[in-house]
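So that you can tell them apart, the chains are marked A, B and C in the order they are listed, and the count of residues begins at 1 in each.
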Amino acid sequence: MKSLTEYLWMNTPTKYAFVNITPQVEELVRKSSVRDGLCLVSAMHITASVFINDNESGLHRDFAEWLEKLAPHEPISQYAHNNGEDNADAHLKRTIMGRETVVAITQSKLDFGPWEQIFYGEFDGQRRKRVLVKIIGE
Amino acid sequence: MKSLTEYLWMNTPTKYAFVNITPQVEELVRKSSVRDGLCLVSAMHITASVFINDNESGLHRDFAEWLEKLAPHEPISQYAHNNGEDNADAHLKRTIMGRETVVAITQSKLDFGPWEQIFYGEFDGQRRKRVLVKIIGE
Amino acid sequence: MKSLTEYLWMNTPTKYAFVNITPQVEELVRKSSVRDGLCLVSAMHITASVFINDNESGLHRDFAEWLEKLAPHEPISQYAHNNGEDNADAHLKRTIMGRETVVAITQSKLDFGPWEQIFYGEFDGQRRKRVLVKIIGE
(Lines give C-alpha, C1' and ligand atoms only; values in the text may rest on other atoms or scores of the structure.)
Protein backbone atom coordinates (compact mmCIF):
# COMPACT_ATOMS: atom_id res chain seq x y z
CA MET A 1 0.00 0.00 0.00
CA LYS A 2 1.26 3.46 -0.92
CA SER A 3 0.09 6.59 0.86
CA LEU A 4 0.55 10.34 0.68
CA THR A 5 -0.43 13.01 3.21
CA GLU A 6 -0.32 16.69 2.38
CA TYR A 7 -1.83 19.90 3.69
CA LEU A 8 -3.02 22.82 1.58
CA TRP A 9 -2.94 26.19 3.31
CA MET A 10 -5.89 28.49 2.63
CA ASN A 11 -6.32 32.15 3.55
CA THR A 12 -9.20 33.77 1.70
CA PRO A 13 -9.28 37.59 1.47
CA THR A 14 -13.06 37.54 2.07
CA LYS A 15 -15.28 36.07 4.80
CA TYR A 16 -17.08 33.83 2.27
CA ALA A 17 -15.33 32.17 -0.66
CA PHE A 18 -15.34 29.13 -2.91
CA VAL A 19 -11.89 28.13 -4.17
CA ASN A 20 -11.31 25.51 -6.87
CA ILE A 21 -8.60 23.22 -5.48
CA THR A 22 -8.82 20.55 -8.21
CA PRO A 23 -5.42 21.39 -9.78
CA GLN A 24 -3.60 21.05 -6.43
CA VAL A 25 -5.31 17.73 -5.67
CA GLU A 26 -4.51 16.42 -9.19
CA GLU A 27 -0.87 17.35 -8.64
CA LEU A 28 -0.82 15.39 -5.37
CA VAL A 29 -2.36 12.35 -7.09
CA ARG A 30 0.52 12.45 -9.60
CA LYS A 31 3.04 12.85 -6.77
CA SER A 32 1.60 9.84 -4.91
CA SER A 33 2.11 7.54 -7.93
CA VAL A 34 -1.05 5.69 -6.82
CA ARG A 35 -2.76 4.05 -9.80
CA ASP A 36 -5.78 2.64 -8.00
CA GLY A 37 -7.07 3.92 -4.68
CA LEU A 38 -8.96 6.53 -2.72
CA CYS A 39 -8.30 10.24 -2.20
CA LEU A 40 -9.79 11.91 0.89
CA VAL A 41 -9.94 15.71 0.82
CA SER A 42 -11.21 17.29 4.04
CA ALA A 43 -11.50 20.68 5.68
CA MET A 44 -9.52 20.66 8.95
CA HIS A 45 -11.54 23.58 10.31
CA ILE A 46 -15.14 23.39 11.40
CA THR A 47 -16.33 26.55 9.66
CA ALA A 48 -15.07 25.43 6.25
CA SER A 49 -16.09 22.81 3.75
CA VAL A 50 -14.79 20.62 0.94
CA PHE A 51 -17.34 19.66 -1.71
CA ILE A 52 -17.70 18.67 -5.34
CA ASN A 53 -19.84 20.56 -7.80
CA ASP A 54 -19.74 22.62 -10.98
CA ASN A 55 -17.15 25.34 -11.67
CA GLU A 56 -19.75 27.94 -12.66
CA SER A 57 -19.80 31.39 -11.10
CA GLY A 58 -23.58 31.83 -11.32
CA LEU A 59 -24.08 28.61 -9.39
CA HIS A 60 -21.60 29.75 -6.76
CA ARG A 61 -23.62 32.93 -6.23
CA ASP A 62 -26.73 30.74 -5.92
CA PHE A 63 -25.02 28.57 -3.30
CA ALA A 64 -24.03 31.64 -1.27
CA GLU A 65 -27.53 33.15 -1.33
CA TRP A 66 -29.17 29.84 -0.56
CA LEU A 67 -26.89 29.14 2.41
CA GLU A 68 -27.60 32.63 3.74
CA LYS A 69 -31.32 31.83 3.59
CA LEU A 70 -30.98 28.42 5.29
CA ALA A 71 -28.52 29.60 7.95
CA PRO A 72 -28.49 33.42 8.15
CA HIS A 73 -25.52 35.24 9.67
CA GLU A 74 -27.75 37.88 11.27
CA PRO A 75 -29.06 38.55 13.79
CA ILE A 76 -25.88 37.35 15.48
CA SER A 77 -27.73 37.03 18.80
CA GLN A 78 -30.05 34.31 17.49
CA TYR A 79 -27.31 31.68 18.09
CA ALA A 80 -26.24 30.40 21.53
CA HIS A 81 -22.72 29.82 20.14
CA ASN A 82 -22.30 33.55 19.47
CA ASN A 83 -21.15 34.37 22.96
CA GLY A 84 -17.96 36.24 22.14
CA GLU A 85 -18.11 34.65 18.64
CA ASP A 86 -20.08 35.62 15.55
CA ASN A 87 -19.56 32.53 13.40
CA ALA A 88 -22.32 30.10 14.45
CA ASP A 89 -23.84 30.39 10.97
CA ALA A 90 -20.51 29.29 9.45
CA HIS A 91 -20.74 25.98 11.36
CA LEU A 92 -24.24 25.42 9.97
CA LYS A 93 -23.34 26.43 6.41
CA ARG A 94 -20.37 24.06 6.41
CA THR A 95 -22.68 21.28 7.61
CA ILE A 96 -24.93 21.73 4.56
CA MET A 97 -21.97 21.76 2.15
CA GLY A 98 -20.06 18.92 3.84
CA ARG A 99 -16.69 18.52 5.57
CA GLU A 100 -15.02 16.12 3.18
CA THR A 101 -15.15 14.26 -0.07
CA VAL A 102 -13.73 10.87 -1.06
CA VAL A 103 -12.74 10.54 -4.73
CA ALA A 104 -11.69 7.34 -6.50
CA ILE A 105 -8.30 7.18 -8.23
CA THR A 106 -8.36 5.03 -11.38
CA GLN A 107 -5.48 4.69 -13.84
CA SER A 108 -3.52 7.30 -11.83
CA LYS A 109 -6.24 9.97 -12.15
CA LEU A 110 -9.16 11.35 -10.15
CA ASP A 111 -12.05 9.29 -11.54
CA PHE A 112 -14.43 12.17 -12.27
CA GLY A 113 -17.59 12.70 -14.27
CA PRO A 114 -17.59 15.45 -16.92
CA TRP A 115 -18.23 18.43 -14.59
CA GLU A 116 -16.91 17.38 -11.22
CA GLN A 117 -14.49 19.81 -9.57
CA ILE A 118 -13.33 19.99 -5.94
CA PHE A 119 -13.99 23.20 -4.02
CA TYR A 120 -12.91 24.60 -0.71
CA GLY A 121 -15.85 26.45 0.86
CA GLU A 122 -14.93 29.15 3.34
CA PHE A 123 -17.58 30.63 5.64
CA ASP A 124 -15.39 32.47 8.16
CA GLY A 125 -12.29 33.45 6.27
CA GLN A 126 -9.50 36.01 6.44
CA ARG A 127 -7.39 33.63 8.52
CA ARG A 128 -5.07 30.69 7.81
CA LYS A 129 -6.73 27.28 7.63
CA ARG A 130 -5.74 23.89 6.26
CA VAL A 131 -7.17 21.27 3.92
CA LEU A 132 -5.96 17.68 4.30
CA VAL A 133 -5.32 15.46 1.27
CA LYS A 134 -4.80 11.77 2.10
CA ILE A 135 -4.24 9.27 -0.69
CA ILE A 136 -4.03 5.51 -0.22
CA GLY A 137 -3.82 2.74 -2.79
CA GLU A 138 -1.25 1.12 -4.97
CA MET B 1 -4.55 -4.87 -1.99
CA LYS B 2 -7.42 -5.82 -4.30
CA SER B 3 -9.55 -3.26 -6.09
CA LEU B 4 -12.55 -3.11 -8.38
CA THR B 5 -13.88 -0.18 -10.43
CA GLU B 6 -17.25 -0.31 -12.13
CA TYR B 7 -19.76 2.18 -13.50
CA LEU B 8 -23.54 1.85 -13.27
CA TRP B 9 -25.47 3.59 -16.03
CA MET B 10 -28.65 5.40 -14.97
CA ASN B 11 -31.36 6.93 -17.14
CA THR B 12 -34.50 7.70 -15.18
CA PRO B 13 -37.78 8.19 -17.11
CA THR B 14 -38.71 11.10 -14.82
CA LYS B 15 -36.95 14.34 -13.83
CA TYR B 16 -36.89 13.31 -10.15
CA ALA B 17 -36.32 9.74 -9.00
CA PHE B 18 -34.90 7.61 -6.21
CA VAL B 19 -33.51 4.26 -7.39
CA ASN B 20 -32.44 1.49 -5.01
CA ILE B 21 -29.02 0.37 -6.28
CA THR B 22 -28.17 -1.91 -3.32
CA PRO B 23 -28.47 -5.17 -5.33
CA GLN B 24 -26.02 -3.94 -8.00
CA VAL B 25 -23.52 -2.79 -5.39
CA GLU B 26 -23.82 -6.10 -3.49
CA GLU B 27 -23.13 -7.96 -6.74
CA LEU B 28 -19.98 -5.89 -7.29
CA VAL B 29 -18.78 -6.62 -3.74
CA ARG B 30 -19.09 -10.34 -4.53
CA LYS B 31 -17.26 -9.85 -7.82
CA SER B 32 -14.40 -7.99 -6.10
CA SER B 33 -13.77 -10.91 -3.71
CA VAL B 34 -12.77 -8.30 -1.11
CA ARG B 35 -13.39 -9.65 2.42
CA ASP B 36 -12.38 -6.56 4.37
CA GLY B 37 -12.31 -3.06 2.94
CA LEU B 38 -14.15 0.04 1.82
CA CYS B 39 -16.73 0.57 -0.92
CA LEU B 40 -17.14 4.08 -2.34
CA VAL B 41 -20.35 4.73 -4.29
CA SER B 42 -20.55 8.18 -5.88
CA ALA B 43 -22.66 10.12 -8.35
CA MET B 44 -20.49 11.23 -11.27
CA HIS B 45 -22.90 14.03 -12.17
CA ILE B 46 -23.41 17.16 -10.14
CA THR B 47 -27.21 17.14 -10.24
CA ALA B 48 -27.49 13.62 -8.83
CA SER B 49 -26.84 12.04 -5.47
CA VAL B 50 -25.93 8.77 -3.77
CA PHE B 51 -27.21 8.34 -0.23
CA ILE B 52 -28.22 5.73 2.34
CA ASN B 53 -31.63 5.62 3.94
CA ASP B 54 -34.79 3.53 4.28
CA ASN B 55 -36.47 1.74 1.36
CA GLU B 56 -39.92 3.14 2.18
CA SER B 57 -42.03 4.87 -0.46
CA GLY B 58 -43.76 7.25 1.97
CA LEU B 59 -40.38 8.49 3.15
CA HIS B 60 -39.26 8.99 -0.44
CA ARG B 61 -42.29 11.20 -1.07
CA ASP B 62 -41.38 13.13 2.08
CA PHE B 63 -37.82 13.59 0.84
CA ALA B 64 -39.05 14.92 -2.52
CA GLU B 65 -41.48 17.41 -0.94
CA TRP B 66 -38.94 18.53 1.63
CA LEU B 67 -36.24 19.13 -0.97
CA GLU B 68 -38.71 21.12 -3.07
CA LYS B 69 -39.35 23.32 -0.03
CA LEU B 70 -35.64 23.82 0.79
CA ALA B 71 -34.56 24.35 -2.85
CA PRO B 72 -37.58 25.07 -5.06
CA HIS B 73 -37.39 24.53 -8.80
CA GLU B 74 -39.52 27.60 -9.53
CA PRO B 75 -39.35 30.42 -10.25
CA ILE B 76 -36.51 29.38 -12.57
CA SER B 77 -35.30 32.99 -12.75
CA GLN B 78 -34.46 33.12 -9.02
CA TYR B 79 -31.13 31.37 -9.73
CA ALA B 80 -28.12 33.01 -11.43
CA HIS B 81 -27.12 29.57 -12.80
CA ASN B 82 -30.35 29.38 -14.82
CA ASN B 83 -29.01 31.32 -17.73
CA GLY B 84 -29.87 28.94 -20.54
CA GLU B 85 -30.25 26.21 -17.88
CA ASP B 86 -33.14 25.34 -15.58
CA ASN B 87 -31.44 22.95 -13.17
CA ALA B 88 -29.87 25.15 -10.48
CA ASP B 89 -32.25 23.63 -7.90
CA ALA B 90 -30.96 20.15 -8.81
CA HIS B 91 -27.42 21.19 -7.76
CA LEU B 92 -28.78 22.39 -4.40
CA LYS B 93 -30.96 19.32 -3.84
CA ARG B 94 -28.04 17.01 -4.54
CA THR B 95 -25.96 18.97 -2.02
CA ILE B 96 -28.50 18.27 0.73
CA MET B 97 -28.67 14.55 -0.13
CA GLY B 98 -24.93 14.11 -0.69
CA ARG B 99 -22.66 13.11 -3.59
CA GLU B 100 -21.26 9.87 -2.22
CA THR B 101 -21.30 7.26 0.48
CA VAL B 102 -18.52 5.07 1.86
CA VAL B 103 -19.62 1.67 3.16
CA ALA B 104 -17.49 -0.83 5.07
CA ILE B 105 -17.04 -4.35 3.70
CA THR B 106 -16.77 -6.98 6.46
CA GLN B 107 -16.70 -10.75 5.89
CA SER B 108 -17.24 -10.13 2.15
CA LYS B 109 -20.49 -8.16 2.67
CA LEU B 110 -21.65 -4.55 2.91
CA ASP B 111 -21.56 -4.00 6.69
CA PHE B 112 -25.05 -2.55 7.07
CA GLY B 113 -27.47 -1.85 9.90
CA PRO B 114 -30.96 -3.37 9.66
CA TRP B 115 -32.54 -0.79 7.32
CA GLU B 116 -29.65 0.68 5.36
CA GLN B 117 -30.06 0.70 1.59
CA ILE B 118 -28.13 2.63 -1.07
CA PHE B 119 -30.09 4.98 -3.33
CA TYR B 120 -29.34 6.94 -6.44
CA GLY B 121 -31.10 10.30 -6.23
CA GLU B 122 -31.85 11.96 -9.56
CA PHE B 123 -32.86 15.63 -9.68
CA ASP B 124 -32.46 16.34 -13.39
CA GLY B 125 -33.15 13.06 -15.13
CA GLN B 126 -34.21 11.76 -18.52
CA ARG B 127 -30.61 11.53 -19.66
CA ARG B 128 -27.76 9.03 -19.25
CA LYS B 129 -25.60 9.44 -16.16
CA ARG B 130 -23.13 7.25 -14.29
CA VAL B 131 -22.55 6.07 -10.74
CA LEU B 132 -19.03 4.98 -9.77
CA VAL B 133 -18.41 1.99 -7.52
CA LYS B 134 -14.82 1.68 -6.23
CA ILE B 135 -13.89 -1.13 -3.89
CA ILE B 136 -10.51 -1.51 -2.18
CA GLY B 137 -9.38 -3.97 0.46
CA GLU B 138 -8.21 -7.55 0.68
CA MET C 1 -3.02 -4.09 4.77
CA LYS C 2 -4.26 -4.06 8.36
CA SER C 3 -7.89 -3.58 9.25
CA LEU C 4 -10.07 -3.27 12.32
CA THR C 5 -13.88 -3.46 12.60
CA GLU C 6 -15.69 -2.51 15.78
CA TYR C 7 -19.20 -1.49 16.78
CA LEU C 8 -20.07 1.10 19.42
CA TRP C 9 -23.43 0.62 21.10
CA MET C 10 -25.45 3.77 21.75
CA ASN C 11 -28.62 4.18 23.82
CA THR C 12 -29.38 7.81 24.56
CA PRO C 13 -31.76 8.62 27.45
CA THR C 14 -33.38 11.37 25.36
CA LYS C 15 -34.98 11.46 21.91
CA TYR C 16 -32.40 13.97 20.64
CA ALA C 17 -28.76 13.88 21.66
CA PHE C 18 -25.23 14.66 20.50
CA VAL C 19 -22.58 12.36 21.98
CA ASN C 20 -18.84 12.97 21.64
CA ILE C 21 -17.38 9.62 20.55
CA THR C 22 -13.86 10.89 19.79
CA PRO C 23 -12.22 9.10 22.77
CA GLN C 24 -13.66 5.72 21.74
CA VAL C 25 -12.56 6.18 18.12
CA GLU C 26 -9.06 7.26 19.23
CA GLU C 27 -8.82 4.13 21.37
CA LEU C 28 -9.74 1.97 18.35
CA VAL C 29 -7.09 3.70 16.22
CA ARG C 30 -4.50 2.73 18.87
CA LYS C 31 -5.86 -0.82 18.97
CA SER C 32 -5.63 -1.14 15.16
CA SER C 33 -1.90 -0.26 15.17
CA VAL C 34 -2.48 1.42 11.79
CA ARG C 35 0.06 4.22 11.24
CA ASP C 36 -1.23 5.47 7.90
CA GLY C 37 -4.75 4.91 6.62
CA LEU C 38 -8.43 5.79 6.71
CA CYS C 39 -10.99 5.54 9.50
CA LEU C 40 -14.67 5.31 8.53
CA VAL C 41 -17.17 6.08 11.30
CA SER C 42 -20.81 5.59 10.30
CA ALA C 43 -24.25 5.46 11.88
CA MET C 44 -25.81 2.03 11.20
CA HIS C 45 -29.32 3.40 11.75
CA ILE C 46 -31.11 5.72 9.38
CA THR C 47 -32.40 8.14 12.02
CA ALA C 48 -28.94 8.81 13.45
CA SER C 49 -25.85 10.61 12.24
CA VAL C 50 -22.09 10.76 12.60
CA PHE C 51 -20.50 14.15 12.00
CA ILE C 52 -17.50 16.29 12.86
CA ASN C 53 -17.78 19.69 14.46
CA ASP C 54 -16.96 21.69 17.58
CA ASN C 55 -17.41 20.37 21.13
CA GLU C 56 -19.29 23.46 22.31
CA SER C 57 -22.64 23.16 24.07
CA GLY C 58 -24.05 26.46 22.74
CA LEU C 59 -23.40 25.29 19.19
CA HIS C 60 -25.12 21.98 19.90
CA ARG C 61 -28.23 23.85 21.05
CA ASP C 62 -28.03 25.90 17.83
CA PHE C 63 -27.81 22.70 15.75
CA ALA C 64 -30.88 21.25 17.50
CA GLU C 65 -32.99 24.39 17.01
CA TRP C 66 -31.87 24.80 13.41
CA LEU C 67 -32.68 21.20 12.51
CA GLU C 68 -36.10 21.60 14.11
CA LYS C 69 -36.70 24.60 11.85
CA LEU C 70 -35.50 22.86 8.67
CA ALA C 71 -37.28 19.55 9.40
CA PRO C 72 -39.91 20.01 12.12
CA HIS C 73 -41.14 17.03 14.13
CA GLU C 74 -44.71 18.38 14.25
CA PRO C 75 -47.28 18.18 12.90
CA ILE C 76 -46.59 14.44 12.68
CA SER C 77 -49.23 14.09 9.98
CA GLN C 78 -47.32 16.29 7.51
CA TYR C 79 -45.11 13.31 6.56
CA ALA C 80 -46.25 10.32 4.46
CA HIS C 81 -43.76 8.13 6.34
CA ASN C 82 -45.61 8.74 9.62
CA ASN C 83 -48.13 6.00 9.06
CA GLY C 84 -47.76 4.13 12.34
CA GLU C 85 -44.41 5.92 12.79
CA ASP C 86 -43.59 9.38 14.10
CA ASN C 87 -39.92 9.67 13.10
CA ALA C 88 -39.96 10.97 9.50
CA ASP C 89 -38.30 14.18 10.69
CA ALA C 90 -35.45 12.11 12.18
CA HIS C 91 -34.63 10.73 8.70
CA LEU C 92 -34.48 14.28 7.33
CA LYS C 93 -32.44 15.66 10.23
CA ARG C 94 -29.90 12.87 9.87
CA THR C 95 -29.65 13.66 6.15
CA ILE C 96 -28.62 17.25 6.91
CA MET C 97 -26.03 16.15 9.50
CA GLY C 98 -24.69 13.21 7.46
CA ARG C 99 -24.47 9.43 7.91
CA GLU C 100 -20.72 9.00 8.08
CA THR C 101 -17.34 10.61 8.23
CA VAL C 102 -13.97 9.47 6.88
CA VAL C 103 -10.94 10.61 8.87
CA ALA C 104 -7.29 10.24 7.87
CA ILE C 105 -4.89 8.39 10.18
CA THR C 106 -1.36 9.84 10.10
CA GLN C 107 1.49 8.77 12.41
CA SER C 108 -0.94 6.46 14.26
CA LYS C 109 -3.39 9.28 15.11
CA LEU C 110 -6.63 10.80 13.79
CA ASP C 111 -5.28 13.61 11.60
CA PHE C 112 -7.46 16.40 12.97
CA GLY C 113 -7.49 20.18 12.85
CA PRO C 114 -7.52 22.07 16.17
CA TRP C 115 -11.25 21.79 16.94
CA GLU C 116 -12.40 18.67 15.12
CA GLN C 117 -14.33 16.17 17.26
CA ILE C 118 -16.51 13.24 16.16
CA PHE C 119 -20.14 13.23 17.28
CA TYR C 120 -22.95 10.74 17.21
CA GLY C 121 -26.21 12.58 16.46
CA GLU C 122 -29.35 10.88 17.67
CA PHE C 123 -32.76 12.02 16.40
CA ASP C 124 -34.95 9.13 17.55
CA GLY C 125 -33.30 7.78 20.66
CA GLN C 126 -34.17 5.79 23.76
CA ARG C 127 -33.31 2.55 21.99
CA ARG C 128 -30.12 0.58 21.25
CA LYS C 129 -28.31 1.51 18.04
CA ARG C 130 -24.84 0.93 16.66
CA VAL C 131 -22.01 2.97 15.19
CA LEU C 132 -19.51 1.21 12.93
CA VAL C 133 -15.79 1.99 13.05
CA LYS C 134 -13.75 0.55 10.19
CA ILE C 135 -10.04 1.22 9.96
CA ILE C 136 -7.81 0.21 7.04
CA GLY C 137 -4.19 1.02 6.33
CA GLU C 138 -0.79 -0.12 7.41
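Keep in mind that, in the parts below, a residue touches a chain if its C-beta (ideal position, glycine included) is under 8 Å from a C-beta of that chain, and two chains touch if they have at least 3 such contacts.
Computed from a predicted structure; not experimentally measured.
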- prompt: Copies chain A, chain C: same or different interface, half of numbers shared as the threshold?
  reply: different
Message: Between chain A and chain B, how many degrees of rotation does a Cα superposition need? Round to steps of 5.
response: 120
Geometric centre distance via CA averages, chain C-chain A, whole Å: 20
Message: Using the touch definition from the top, which residues of chain B touch two or more other chains?
response: 1, 38, 70, 96, 98, 102, 136
- line: So, in the complex, the side of chain B touching chain C is made of residues 1, 36-38, 51-54, 56-59, 61-63, 66, 70, 96-98, 101-104, 106, 111-116, 136-138
Field: chain B-touching residues of chain C, taken from the complex the two chains share
entry: 1, 3, 5, 38, 40, 42-46, 70-71, 79-83, 88, 91-92, 95-96, 98-100, 102, 129-130, 132, 134, 136
